[in-house]
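In what follows, a single structure is set out as structure tokens and then discussed.
For clarity, chains are labelled A, B, C and D in written order, and residue numbers in each chain start from 1.
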Amino acid sequence: MISFCQFGAGRIGQIHAGNIALHPKARLKTVVDVNPQAAKALAERHGAAVGDAGTALADPDVGAVLIASSTDTHAALVEAAALAKKPVFCEKPLDLDRKRAQACLDVATKVGIPLMLGFNRRFDPNFSKLHKQLRDDRIGRLEMLTITSRDPGPPPLDYVKLSGGLFRDMMIHDFDMARWLLGEEPVQVMAAASALVDSAIGGVGDVDTAVVTLKTAAGTLCQITNSRRATYGYDQRIEALGSKGMLRANNVLESTLEFSGEAGVVTEKPLHFFLERYAAAYRHELDHFIEAIESRKPPMVGGVDGVRALVLAEAALESSKTGRAVDL
Amino acid sequence: MISFCQFGAGRIGQIHAGNIALHPKARLKTVVDVNPQAAKALAERHGAAVGDAGTALADPDVGAVLIASSTDTHAALVEAAALAKKPVFCEKPLDLDRKRAQACLDVATKVGIPLMLGFNRRFDPNFSKLHKQLRDDRIGRLEMLTITSRDPGPPPLDYVKLSGGLFRDMMIHDFDMARWLLGEEPVQVMAAASALVDSAIGGVGDVDTAVVTLKTAAGTLCQITNSRRATYGYDQRIEALGSKGMLRANNVLESTLEFSGEAGVVTEKPLHFFLERYAAAYRHELDHFIEAIESRKPPMVGGVDGVRALVLAEAALESSKTGRAVDL
Amino acid sequence: MISFCQFGAGRIGQIHAGNIALHPKARLKTVVDVNPQAAKALAERHGAAVGDAGTALADPDVGAVLIASSTDTHAALVEAAALAKKPVFCEKPLDLDRKRAQACLDVATKVGIPLMLGFNRRFDPNFSKLHKQLRDDRIGRLEMLTITSRDPGPPPLDYVKLSGGLFRDMMIHDFDMARWLLGEEPVQVMAAASALVDSAIGGVGDVDTAVVTLKTAAGTLCQITNSRRATYGYDQRIEALGSKGMLRANNVLESTLEFSGEAGVVTEKPLHFFLERYAAAYRHELDHFIEAIESRKPPMVGGVDGVRALVLAEAALESSKTGRAVDL
Amino acid sequence: MISFCQFGAGRIGQIHAGNIALHPKARLKTVVDVNPQAAKALAERHGAAVGDAGTALADPDVGAVLIASSTDTHAALVEAAALAKKPVFCEKPLDLDRKRAQACLDVATKVGIPLMLGFNRRFDPNFSKLHKQLRDDRIGRLEMLTITSRDPGPPPLDYVKLSGGLFRDMMIHDFDMARWLLGEEPVQVMAAASALVDSAIGGVGDVDTAVVTLKTAAGTLCQITNSRRATYGYDQRIEALGSKGMLRANNVLESTLEFSGEAGVVTEKPLHFFLERYAAAYRHELDHFIEAIESRKPPMVGGVDGVRALVLAEAALESSKTGRAVDL
């Protein structure tokens, strides 16, 4: 039984805490949050205590740390947990600044703790099955990968301002998926982007609609498209073309119901947003983290993956501004 | 917090025990099974004790009884639980013999305990959404209902011999779905059946392929088709035609993956069998039972529903043999 | 080049005349219709002449006769064409009265002309592919066949009165499909039917919603469902379950367009009605008729198929009234 | 009745000749081809005569010219037909060289003949319905357009050598679709490309896998992906995301048949290649050309569209080599 200390009691923190509570090999021991009410409510729901960072990290009974607090606290908390020699699961990103992220990663690497980053989509059952079939050669040599990722609606402007921009905040997930599925590193990044959904997003220097093309050393091509708005729900699809066929992971719909009427044949919308769509992925990533701790093997997705995705995000941002491909 | 005593530690019992353990308002206190090893293993997994029927039912701390033992024990256990004034959730059927089932139901009714029957399909999210849309008039007046229900493969012959036959063992679920979705009682039953999947099933006097037509007083028609074998997995579909359109609940597939190759475009098979297909339904029926206990309202599906489904099963069996419609 | 004399210049006659005109081995020579304007218009469109039955059938240049006039004229025209030794393509049915149909068939058989009946659905590319795969053993032994056939809306009441009733007028097509796909004759017919769509249909003694179950000597089961109204368009589906899998022929949609919006994912409706849905089938049945004439082989679907379908329709009508299976 | 002179009796010429023959307002009068056997066979099939260019273009009875000969003959034939004041339908492209194409277009413009270019995909019923719905504001403001276009297999290397390269030969269709659907001109082109399908294609300096991003002045983004090989058939899809929803035109499948078995649920492959997939489009583009001649209105797609698509192709080729966006 691994006792967790969790930082962050907000929306995503509540998901993780619930999964810890349900896991047969884990329990939630301490909740830390800058908002005492939030911390208290979450702790009580799962029989945990409210604590502060220093005490919690010093507690020898704490066997793992889960960081789901705001992005600007990640790097410092990872370092503190690393110095306390606790395995860490950290929501992405380590930091929006690549150098800061790298510095944090260096600390964790030096201490040698398991550090897992919350690229949850790798643990979605549909995507992980697609990944397995790629590796099992179902479509032969991968030639073109297409990742479509659209949110149901844009976040509040205050969030946008602090988010680091679409490439670092939203497409970062897709860069990680691309690296994972391609199985090789992109060497060239081209991007084009616009603010079409909401001109206020453009007003603060960000974009809401973007297309990126990646190319690997072997010549494999990958497209990623992002939009901050899809009125039909959270659009999360992957398509892989290979020498022997094509694989697609389609959207997960709200139910299997289908209505036929005068307007046509209507199936349900995709699950609304990430909490619903990736509910299983959140459970599976926690399973993986706990297995990694128990087996003393490194997690499948670590701090270095966060840094590499950030490198791609920065390259895409640059390319979208200069109109030139960025070589890596 | 409601303490459960559960009878039966087999395959379906393990599902129910797991759901009780996960439920925030319930805990598993006692497990009773004729197989001591099975009882012990299940009790240990969920921090419960092994017990015997008499002691468990006399335990004032036990607030609910879940019966998942073999069919021939259901009626006696329901009666014993009723006499102990415990709310009962019983796997279907109360009894394969309609008179015995009715007698058992009479006892429960007289005592006045909540008695819920495990017609799990009513709690499947897809089917319950279809039901809601029927009641919300999405397709207007219901004219024709089609229920397709096929198992991935036939059960062992030993099971078939004791099962009461396809109509009572397998189609019983579909009769309950039909009654629930039609919203009125069938008044006529016509059936045709064959042993096509396995002649040994015919050899013991049963069938494995059957078609039933129900008609209500209002003239609404309903078809049910059963087969003991579908090589492509558990086939569970419902289609409802009304004056304003058609609703269908399609199969739940193993994933959203789709492969395109020389043989065509291949999507995944339906989830293999009832444990996978109805995992959510098992959770939701337990939720409903606990809500019924707490709210002191009768469960949505009770003993009388079991008896009425059995009446339809017996009528179908008779019609399949005589070639005459049975009027109810 | 085969010169056709065609009887009937109405809706379905216009389809056939157009196909004759387009066929490289055929031309339309004479059009006969009780309505001179209709005959003239159709003849002019395709460079044909208006004629009368006697002259046209006596014309040695006429190599084939196509009968698309009203049902009550079919039998007499077939007999007249037979006596003139002309190959005949006749729209179904030969006659609504089985004895009259048989008498007509006897004449044609005695003379030995090729007589093809317009069961167009056998020539639909989707259904004929399904038929081929059944014969090629793709699903092993056929166990259960399900035919769904629903019109977009009921015909005028005046048509209903003269139609012979739903079983003889509408389900007749499905009986033919069932016989063709089953590959063996049904030996038992059970039916249930209601007037739900329009009470006026019930008022003239007909039904608009019906379910039939057929059983063959080998025990294979077949269900047919008909409705005179499907608000979403012409619903024409076939499903075949066998020992090795299931085959389905789904509806043909108006286009491949799909719209995703707040109401869900909307695909197009099925093609509206038989003229659109079976456009290819009408072409292919003419091809087949011309090939039969040229190769001197009997057409795949002849007068006897019309009589047998009618036997099933009459049995279904009887069963729906008596509530007893009719054995054939 | 318009008499056509057609240049080219090869594969695509046979399609056009057949459509002319079937058209109620057109007939094929003269066939011209460098291969006398091919010209004779095609002429005989449709009751036309074999001719030579000079005589045919001088024939006052010839009311329209259809050019389906090899690409290198297009520009000269268009000019000759223009000088003879005949309306011209020309298979794309006018010429692989943009200056030559422009010069040819200038001649046609000066003379003032109707000149229609064979961008057949605009006349596909699915794509034209999508176009109509875009213009009818079904998805609001168009934000992102995705065009997927993959051939079933690469052409012979000899063809590749003379083709002008993937961007000019294959993606040219997609550039035209993009311009048509976007409703505004792209101002920026970025491209990435590889030879992955066949290294011999790379060996002759061409590519077989390519991704292009277009951006309009309004910021709308468009992606085009091409591959010379899709083992599952001709993959022709369009997806349009707008402020109010998404429209997709999916592949047209060989039939509606669906097989469910141990490997999953298998639907049919897309129609194999352009002759099958765009059969209706070829008919409809001829209809449009004839309507344009009759109504004296310019065809929807003319020589200027050919030149503009070529500009995009050249920009994409340059971008794929330099790694820089090309501004137009």
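Assume contacts are C-beta pairs under 8 Å (C-beta built on N, C-alpha and C of every residue); 3 or more make two chains touch, one makes a residue touch a chain.
Since we're looking at a predicted model, the values are computed, not measured.
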| item | value |
| --- | --- |
| Neighbouring chains common to chain A and chain D, by label | B, C |
| Which of C-D and A-C has more C-beta contact pairs | C-D |
| Inter-chain centre distance, chain C versus chain D - centres from mean C-alpha coordinates, in Å | 40 |
| Intercentroid distance (Cα basis), chain C paired with chain A, Å | 58 |
| Sites on chain B at which at least two other chains make contact | 230-232, 244-246, 259-262 |
| Pairwise touch network: line, ring, star, complete, or other | complete |
| Contacting residues of chain C [partner chain A, same complex] | 230-232, 253, 259-269 |
| Chain C contact footprint on chain D (complex, rising order) | 22, 125-126, 129-130, 133, 138-139, 244-252, 255-262 |
| Chain B-facing residues of chain C, complex | 141, 143-144, 146, 150, 188, 190, 192-197, 209-211, 213, 215, 219-221, 223, 225, 227, 229-232, 235, 241, 243-246, 323-325, 327 |
